[in-house]
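Here's a structure for you.
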Amino acid sequence: SSGNKADNNKLKDVTIMLDWYPNAVHSALYVAKEKGYFKDEGINLKIEMPADTNDPLKMAAVGKIDLAISYQKQVLLSRSEDIPVVSIGSYVQHPLDALIYNKSKGITRPKDLEGKKVGYASSPTSEPIIKTLVEHDGGDMSKVKMVDVGFDLMPALATGKVDALEGAYINHEYLLLKKEGVNVGKMSLEDNGVPDSSELVFVTGEKTLKSEKDTLTKFMKALAKGQDDVKKNPKSALNVLLDHENKNFKLDKKVETESLNILLPLMGDKTTPFGQQNPKQWKNLADWMYKTKITPKKVNYKDAFMNLNY
Amino acid sequence: MMKIKSFIRLYGLFAIFTVIFLIAMEAVVEAGFVPSYIIPAPSEVYRAIIDNLSSLIFVHLKVTMLELGIGFILSVVIGVILAVAMFFSKTIEKIIYPIVLISQTIPIIALSPIFVLWFGYTIWSKVAVTFLIAFFPIVVGCYDGLRSGNSEYVDLLRSMGATKWQIFTKFHVSSALPVFFSSLKLAIVYALIGATIGEWLGASEGLGYYSRRMSGQLNAAGVFAAITILSIAGIILFIIMSLIEKRLLRNRRS
Amino acid sequence: MMKIKSFIRLYGLFAIFTVIFLIAMEAVVEAGFVPSYIIPAPSEVYRAIIDNLSSLIFVHLKVTMLELGIGFILSVVIGVILAVAMFFSKTIEKIIYPIVLISQTIPIIALSPIFVLWFGYTIWSKVAVTFLIAFFPIVVGCYDGLRSGNSEYVDLLRSMGATKWQIFTKFHVSSALPVFFSSLKLAIVYALIGATIGEWLGASEGLGYYSRRMSGQLNAAGVFAAITILSIAGIILFIIMSLIEKRLLRNRRS
Amino acid sequence: MLELKDVSYTFKDGQKVNPVLQNINLTIHRGEFVSLIGKSGTGKSTILKLIAGLLHADHGSILLDDKPIKLGDVGYMPQHDLLFSWRTILDNILLPTEIKKQKKVKKQEAIQWLEKVGLAGYEKAYPKELSGGMRQRVAFLRTLLTGKNVLLLDEPFGALDALTKKEMQAWLLSIWQETKQTVIFITHDLEEALYLSDRVMLLHPDDDLEESPIPFERPRSRDLLYQQDFTRIRKKLEDRLRHDEN
Amino acid sequence: MLELKDVSYTFKDGQKVNPVLQNINLTIHRGEFVSLIGKSGTGKSTILKLIAGLLHADHGSILLDDKPIKLGDVGYMPQHDLLFSWRTILDNILLPTEIKKQKKVKKQEAIQWLEKVGLAGYEKAYPKELSGGMRQRVAFLRTLLTGKNVLLLDEPFGALDALTKKEMQAWLLSIWQETKQTVIFITHDLEEALYLSDRVMLLHPDDDLEESPIPFERPRSRDLLYQQDFTRIRKKLEDRLRHDEN
């Protein structure tokens, strides 16, 4: 309506870059946008998609975008490289990453990876994760063969070129591989010696945080409202996402529904409400990353995040 | 009309070959020799195209062609200017040629943060990638073409008191055309690759983006639908270039 | 010795230009105009190279060069065979040319699952990408070069009763060389890009792999260290090709 | 015996049509030396290309010893020198030997030939280093070394000075008297045509081929040029040519 | 006035060194018609290239009206026809006009010229459609239309039949008598040289330039060719040339 138009002029542009293309995990964003929660807070939200998973952090650091959805581990890694980014909220509070493996290769526990090939996507964290996993189970990491498979995790496992994957998600790759009839199993990381971590967090640049703290708080507030709606009615939330996307890309409804089912319990519960970040989680992760030499220096975890009050 | 007829006659053979190939593929996939999430059956690809035809053509192909068009024109304009500058001045050549070469040896994905920083996620980041990939063959082809002219003709024009520029326009331009067109045909195909790669580095529309999305969903039929359309577009662009080449080089003593 | 001296004289200008550029970059980054995690200061890149020199050269560059070498030789051999076959037979041309074109319009990332299926993560998947990228300019350049010969010379040879093959070896091969070399110079650079991209699709060594790993570790200096070495390698390869070209085309009436 | 029977040829290029030759008839006997003269653009070079098999007659037939002519039957020297710029002079003249793979003419012989035509020491030079007349001599040698029984020479001595020309003519005659090759020779030099030939054919613009037998005994001496019989025939041919002006 | 003073020139190509001209001296007056003759390969074409400014003398100087010669001062016709294959015949001969941007010679005039040299109707043809002699006529016209005061012609009528040649000679003389251009003319046809020139220069292989004035009145009639004075000079030059054989 015409009233809205006048309001539009006063709205503040906020750009957020997703971690990957839109999928079930982003339902809250689309619902909040669709229902006008951002507008209510004076925000005009623009959603962009990244080229490379490393791009969003850098763009946030230089202030080219206001917000990025990225990974907790990446935030710590960035800070160790003096890239000035801060996490202002947790999106998915626990790992989606798990060891995904081919059941027919006789893998039942991490130790069984000895003599097997594990594929990963050029990530510096994969090897330490597998090492932690295997050694926690009393195995010998030197017997595990790590294979960098570049961009494509799924075909590597599906074609039998590797026996297990590190870096694949339980709500995406796992579901798709299963759907294609590959005999896959999953093994949680945090049950096997790897510290718990937030898979996805909201990241901003230090400068942006200083100047736009208010706006960012409002963003989190509006998003939390959206997440509430998603929780209350996952089906219609998913439809908002699917409708938005289906114009040009068909998302697999069955896969996304299942994905959302897996995601919802990980996106805020009674102990840690949606968006809240747990200092202990940050500390444990930072310690582990230093111990495993992923970060060349010890990162002061307290500088890496800030919980906004909304 | 004649053109179309002879076109059909010429490429009929390829069409027959294609049909045989597609039938064979269908059989291979049906029989389960190749998993359909890696190479889909042609019939599936066909369905994937038909089901999304209007969005594939009027949204994604359109955007890709726009990126390609701007990028290609820029690479021709700037590529030719660089080649001509290099042709006229050894000094410029010594500085520019290495830079042109370096620009090609840098993996484009390594440049993605820089492009995003400069251009954001506008169409210009894709145009920049298209340009970067397509201008190289143009510079090399145009420069080599300009240098390929028989010097006896240059002498003749010099004897008429022609300026450097006149010798350039009256002789070198024409004598460079064969090599130049050979490179333009490469460049137009590379421009298409460029636009596609550009879309991987951040986009929300376009056939490159579409194929990436589909690949992320393990939707091989969708990936190949985009590839099919890209291939057809590439062949058509190449044929257009070849026809222009043929027309312009018609009167050469071959 | 003469060669080296004249080389220095020729590229001294570029060297001076490069030094000025690097100093300027250093200043810009120092001053904080560009964050060093997007474009690192040249001095940082230099340190990143020196600190890892032996692994960069003797492990990663070596592997990339091996992939490039095999892929380039394959593309020359197969590219030339295809071009020659197309030159001799219109039928083959009508079938092969479109296939060659299609091979170029397919985004390589879309092919990555297929490469994985066929080659796994061996050196051959990288060779395949190198080949795929480098053979296109060779086919087009060689084919266009073969067709560019003045037909009066062909007539002369025909009048001597030369077979098709003799006309080919005694005339077309030589007259194709200028255009062919123009395309070889492109192809050698593209082969380098091909090897790099191939490594992104899964590898454990090589400069492409190195740059991707460094990028994953958000280590911009490391990324640019790999890029620097790739660029130098690219320029050296290009210069080698140009020298071979110059040598072989020495006696042409220019 | 070489026979052209009712030969016609038209150049076609898109819509442009240029009927050059119509119903040409010509018989040349084995070992005969025939010159072909005529105004520029009447189709002399075209006739040679037809005989060489490079062009195909629209009508009529061309027979060599009663068999249709085919490529490689005759030695052909085109009007442009067409030397291969990337080959040395020696390799240029050895080209036909390479093609026939007979290696009949060995390197030594070829070098001797170069000496005979005044190009000693130029074996390893490239065509761009030669003057116009030198190039033509090389092209002539190349044709000679095809070793064919029929030689078609399109203005072989056109760019030569009188003296070199005279030498070349003497060479040509001496070879011809030895090998008894059939020669068809295009020239614009009437004196040359008369001095060398058994018969001179004049191609008129209306495609009429007019024959003039040259009845002088062989071997001919250079003095022949100043004899009355000779100048009379020459004068006659000049008149016939002038006649074409209208 | 055109002066060559002590001019020397050597072709150098890597280690190969070919000293072609040494200490050449030659003075040509305004409006003079001078022919340059000599054995093939003595350096006639090289002299023209030096005068045209295409090559630079190693020693000595070349002056036109007391000023050092520079490119564009003279009209130059090279020995090869060098027509531009992608231009029509008309556009080929209009090339010098385009270069000078004076548009002095308009299309109509150019077409008239084509008619005069017997190429009516060929304006829109491309060089590949022409016979050897026709191409040379086009190249000749192109040089003429440079409109320069000095014309350097390298065997302009070499590929022409006697008749066409005669016509072209007549045209050339008539233009020359009108415009009083200075002409340097290379030919291997002594008769032609004598008939056209004020002076014939014979270039010996030892780089000696021998001068023969041709004293006949102008305008000259064709009958001159058969007069005793004329044949005597011709005979003398022939002897001088033959002398070079040793």
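In order of appearance the chains are A, B, C, D and E, and numbering begins at 1 in each one.
To be clear about the criterion, a residue touches a chain if its C-beta (ideal position, glycine included) is under 8 Å from a C-beta of that chain, and two chains touch if they have at least 3 such contacts.
Just so it is clear, the structure is predicted and the values come from calculations on it, not from any experiment.
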| item | value |
| --- | --- |
| Joint neighbours of subunit E and subunit C, given as chain labels | B, D |
| Highest-count interface - the chain pair sharing the most C-beta contacts | B-C |
| Separation of mean Cα positions, subunit E and subunit A [Å, integer] | 85 |
| Separation of subunit B from subunit C, taking each centre as the mean of its C-alpha atoms, in whole Å | 17 |
| Length of the line joining the C-alpha centres of subunit A and subunit B, rounded to whole Å | 37 |
| Distance between the centres, which are taken as Cα means, of subunit D and subunit B, whole angstrom | 51 |
| In subunit D, residues with contacts to at least two other chains | 80 |
| Residues of subunit B whose C-beta touches two or more other chains | 38, 109, 113, 117, 152, 200, 212, 215, 253 |
| Contacts with two or more other chains, residues of subunit A listed in rising order | 52, 54, 58, 62, 152, 154-155, 159 |
| Chain pairs that touch, as defined at the top of this document | A-B, A-C, B-C, B-E, C-D, D-E |
| Touch list for subunit D against partner subunit E, complex | 11, 13, 16, 18, 37-41, 45, 79-80, 118, 125, 129-134, 137, 154-155, 158-165, 188-190, 238, 241-242, 244-245 |
| In the complex with subunit C, residue positions of subunit A that touch it | 52, 54, 57-58, 61-62, 74, 77-78, 81-83, 122-124, 147-152, 154-156, 159, 161 |
| Sites on subunit C touched by subunit D in the complex | 152-153, 155-162, 166, 170-171, 174, 251-253 |
| Subunit B to subunit C touching residues, read off their complex | 10-11, 13-14, 17-18, 34, 38-39, 91, 94-95, 98, 101-102, 104-107, 109-110, 113-114, 117, 136-137, 140-141, 144-145, 148, 150-152, 178-179, 182-183, 185-186, 189-190, 192-193, 196-197, 200, 208, 211-212, 215, 220, 223-224, 226-227, 230-231, 233-235, 238, 253-254 |
| Subunit B - residues contacting subunit A, complex | 35, 37-38, 52, 55, 59-60, 109, 112-113, 116-117, 120-121, 200-205, 210, 212-219, 222 |
